[in-house]
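Chain nomenclature is as follows: A, B and C, assigned in order of appearance, with residue numbering initiated at 1 for each chain independently.
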Amino acid sequence: MNRILSKSQNIENSTNKRHRKEKRFKSLCLGAVIVAILFLIILLSSLAYKGLSGFTKTTIQIPIYFNEEIIDPENTRDIAVINKASFRKIFKQSLLQKFPEAKDNRKMYRNISKIFSRGSTYLLKKMVLDDISLIGKTINVDLISSSTIDQLRKNNINIKVPESDRPVSDATLKIYDQLNTEGVIKKRLNFSFFKYGDSRNPEEAGILGALLGSMFTLIITLLLSFPIGVLTAIYLEEFAPKNKFTYFIEININNLAAVPSIVFGLLGLAIFLNFFGLPRSVPLTGGLVLTLMTLPTVIISSRASLKAVPPTIREAALGLGASKLQAVFNHVVPSAAPGMFTGTIIGMARALGETAPLLLMGMVAFIVEVPTSIFDPATVLPAQIYLWADSPERGFVEKTSAAIIVLVLFLIIMNSLAIWLRRKFEVRW
Amino acid sequence: MIKNDNIKITTNDLCVFYDEKQALFDVNISINEKETTALIGPSGCGKSTLLRCFNRMNDTIENCVVKGNINIDNANVNNPEIDVVQLRTKIGMVFQKPNPFPKSIFDNVAYGPKIHGMAKNKLELEEIVEKSLKQAGLWSEVKDRLSQPGTSLSGGQQQRLCIARAIAVRPEIILMDEPCSALDPIATANIEELMDELKKEFTIIIVTHNMQQAARVSKNTAFFHLGKLIELGPTDQIFTNPKLEKTQDYITGRYG
Amino acid sequence: MNTTLLTILIISLSIFAFYYAVYKIKSAQSLNTKHRPLHSYYGWYCLFWTIFPALLFFCLWTFCSSIWIDKTIINIITLSINEEGATNISLQLNAIKNAANGILTDQVPKEILSNYISLNQKSEFIRFIATLGIAIIGLFFLIRKINPDLRARNKIESILMVLMFIASFIAIIVTLGIVLSLLFETLKFFSDVSPFEFFFGTTWSPQIALREDQVAASGSFGAIPVFTGTLLITIIAMCVAIPIGLLAAIYLAEYASQRTRTIVKPLLEILAGIPTVVYGFFAALTVGPFIRNIGETFGLSIASESALAAGLVMGIMIIPFISSLSDDVISAVPNSLREGSYGLGATKYETIILVIFPAALPGIIGSILLATSRAIGETMIVVMAAGLTAKLTANPLESVTTVTVQIVTLLIGDHEFDSSKTMAAFALGLTLFIITLILNVIALKVVLKYREKYE
């Protein structure tokens, strides 16, 4: 069949070769797409693999005797007295009761106490302050384990290697096994991860501070960049005369969109912090810098959606005797609004993931307190990730990945919202 | 009717679908060798679709399905085993808008021979280019600026360049999809003159909106309406004495 | 005396202003029925003049008074410590400010602290009273002016026009701010360190200059190793991103069916939307050790912060930029060219390589330039996965540092703002800004020209 159509043997021979080349090229291109998607899968799955365990914690149940003689010997039940009491002693007493063999063995006691989080004594104190009737009683308390034990339970520590090469000693391991057979070691969802700020101890560190910091920063960014961006877009698209000056503004905006984010950090450092003397490490200044960074995105997408509104709408409004401003604000802007919102949300999502300029604005400090306003020192979610990623403790790895999962989740929500908005309210002319 | 002694192409119940929409209905047409056949009809009647079936150009449209047979030299073009690359070396095509590649004039013409390996060396290639440009009546105009981009030519010259590009591959059939619709009257006259020359060597099928053009250049004419072949016959007869009323209405401009 | 109370008061005043103006114009117009423009314009007009001057005053006062208080306190500090020498006045000032906010870092003199607090309180009191006063004055002044002859709509429109003009001016101010702040600090830096040393010196060790009073603590600021490090990582990244991104773009534009496109494009967009700090974490914790382990099995010693790891991950990050920009560019090549080529019997491969690629080349170059500029300016990946010490090497298995890494390490944390160390960061920043700016301008020009050609 081919023979009949082909013009000469010569061409037919060469076509086979050409078709092979074609196939090779096509599979090469497909390969590139597959590699790119594979990267995405590897990235996300490695994060999920490392991070999902960060949402659980390990607790160890032991009986605690709230010895009245230590907490409140004079039976005053005064909060000040309880606050001053040594809960370390309570803790030690209860531990020694559980492990009597450690009584005269300081090294062994140290090993045992290392199983528990360093915050355990605070937890006990808080329990008593919440419920004074506990004093004098013995109850089973689920104490949070130390990060090392947590990692041990999650099989993140290789116990086959020699003792000197791993963070748990043989003695600790023995105690762990003993507790494990007793069935007091339990896995729980780590809600405190969302309830507390940063901490030096991985098992106590939470992202609430960073989440609120990000929220305050984004609020500032949104409140400033949306009105300014939209007004700029409306001016440039609808009112600005087409002259050199307008062109200069446009060039500026396009270039600002591509300026590396770290340069905005330098700008913020030199102008906001150094020249204007605004406070460091607070969401206010962080938000200001992110505003400058987000503005071009908002302006460009708002202009695009204004451009998509056909001129007939403007002419119709003008023809009814509306002023130019009325035509624009009553008719053009409402039809362009979904596009503007979409652009703003995408800009906000980018601002949420941005780290570099905030590093220079001092938003990477170790801050335990949860911020309550835009003037409180705070850190943001990506900066928290950076801080934790830099920490040497093994326990912070899963915290970092867990925080990344939270961040990516927020980004997915924001982007889906943008896509939904675009689909739902998009007007086709 | 047309004399059926030297038939080059015949179609057999050819149907074309774009998704759900049917564009051609059971078309049976035969086209003679080394003659010019014009396809006329109102917009959207399927004449361009039919043209693009001959060299399987419809393959490039994702949702297009072609059913039925197209026989060229007794081989079914629509057979999936047919190699479109070889098919298209045999059937050249000229498009509605001149579409020279963003390359030099020489490279535009040399493109086909190069990819098909038709020239053994540079000298042969130059020969082919010169011959094709001469045949397209463009040689005298461009011989001194072969290295300039093809897009620098005027519209009519560009279209003749595209024709030269097509005949450089030495096809047997040339498909022309409204080749003059983007050109001014003088350029159109040039192309028509050229077609008169080309039909000595090639089988030409031309789609046109311009009925005077069809009358001027073609020997046979096929009239299409709503995806159906209404009438096929010698051009003189179609334009002066059509058998069907529909054809008559269209020719006289009662609708279109 | 807090700001919350002030905000509530101002907001309620403005709401009152709005409704009172509307009420007043309505009652005035019932007498004069000739023309009745929209009432709300009067409300908005009144509201604007209630809030705006007050807000302006508030911001100005806050800014000026904080500067004035700082100056007063600095004077007191310089007077009080004469024997210790004026070591760190600004640090002391910071300590006092922190103490006033309840964060006790250092010991601060009690009397200066109380002085500071009382000054602050006075300033806030004046601010509160004056802001409220200005709002009330504005309100009354406007209410008196409200009558049907006042063309409120025109006034509102001119206010809006002015606001819009100011908003669009901000883009210029930001660019100007970037240029001036970078230039200012850089010039100061170049008065300490010669530009020649900076641009052609081959030793970069700014960390020596820990404190100003150290002897011979100037450090050395030859930025060549920093630039080459940036170049090395960028080249590695582009070696990964250009082939993969370009081939993927070709696949999406030329081969993929509509359905594949709708699935694959969003997936690539996810890759682009992942924050860079995540890539940095991935590079530092997964890719870096992975490459080192591979090296070990082949008997190579690879630094765990190798340029290869950082460049590779940066390349992955850049892939979607190149692929989506190039996809747009390739799709913009008119279909007639494709058909012309297919019509001559060319295969898809030949059409792509011989016709489409040359036609799309300017646009593709533009997208590569934009991606390169992004790679050069990328910070978090290299901060987390590349090294800190500047090494002059072209070996991708060694650890190098980049411009952005140096900016961050020089400027992170508390520091003396006027040391050569911090100013060096600004000099690096200016260099970075200029290079990316040039790349962007060329890229935008090329892409724009390309678009014009096919539209």
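Everything below uses one rule, namely that a contact is a pair of C-beta atoms (placed from the backbone, for glycine too) under 8 Å apart; a residue touches a chain by one contact, two chains touch by 3 or more.
Since the model is a prediction, treat every value here as computed from it, not as a measurement.
Peer 1: Take each protein chain as a node, join two nodes whenever their chains touch, and name the resulting shape: line, ring, star, complete or other.
Peer 2: Graph shape, chains as nodes and touching pairs as edges: complete.
Peer 1: Could you name the chain whose CA centroid falls nearest to the centroid of all protein CA atoms?
Peer 2: C
Peer 1: Averaging over Cα atoms per chain, report the distance between subunit B and subunit C in Å.
Peer 2: 57
Peer 1: Averaging only over C-alpha atoms, locate the centres of subunit A and subunit B and give their separation in whole Å.
Peer 2: Here the centre of subunit B sits 62 Å away from the centre of subunit A.
Peer 1: Averaging only over C-alpha atoms, locate the centres of subunit A and subunit C and give their separation in whole Å.
Peer 2: 19
Peer 1: What residues in subunit C touch two or more of the other chains?
Peer 2: 347, 350
Peer 1: Which parts of subunit A, given as residue numbers and ranges, touch two or more other chains?
Peer 2: 18-19 - these are the residues of subunit A that touch more than one other chain.
Peer 1: Going through subunit B residue by residue, note those that touch at least 2 other chains and give them in order.
Peer 2: Residues 85-87, 89, 115-116 of subunit B touch two or more partner chains.
Peer 1: Which stretch or stretches of subunit B touch subunit C in the complex?
Peer 2: 55, 57, 60, 62, 84-89, 92-93, 95, 97, 99-103, 111-112, 115-116, 162, 165-166, 169, 175
Peer 1: Which of the residues in subunit C end up touching subunit B in this complex?
Peer 2: Answer in residue numbers: 257-258, 334, 336-347, 350, 354-355, 358-359.
Peer 1: Where on subunit B is subunit A touching in the complex?
Peer 2: 72-77, 79, 81-83, 85-87, 89-90, 115-118, 170
Peer 1: State the interface residues of subunit A toward subunit B in the complex, per the touch definition above.
Peer 2: Going by the criterion above, the answer is residues 1-2, 4-7, 10-12, 14-15, 18-19.
Peer 1: Subunit C touches which residues of subunit A in the complex?
Peer 2: Spelled out, the residues of subunit A in touch with subunit C are 18-19, 21-22, 25-26, 28-33, 35-37, 39-40, 43, 46-47, 50, 227-229, 231-232, 234-236, 239-240, 248-249, 252-256, 258-267, 269-271, 274-277, 292, 295-296, 299, 323, 325, 329, 349, 352-356, 359-360, 362, 364, 382-383, 385-386, 389-390, 397, 400-401, 404, 407-408, 411, 415.
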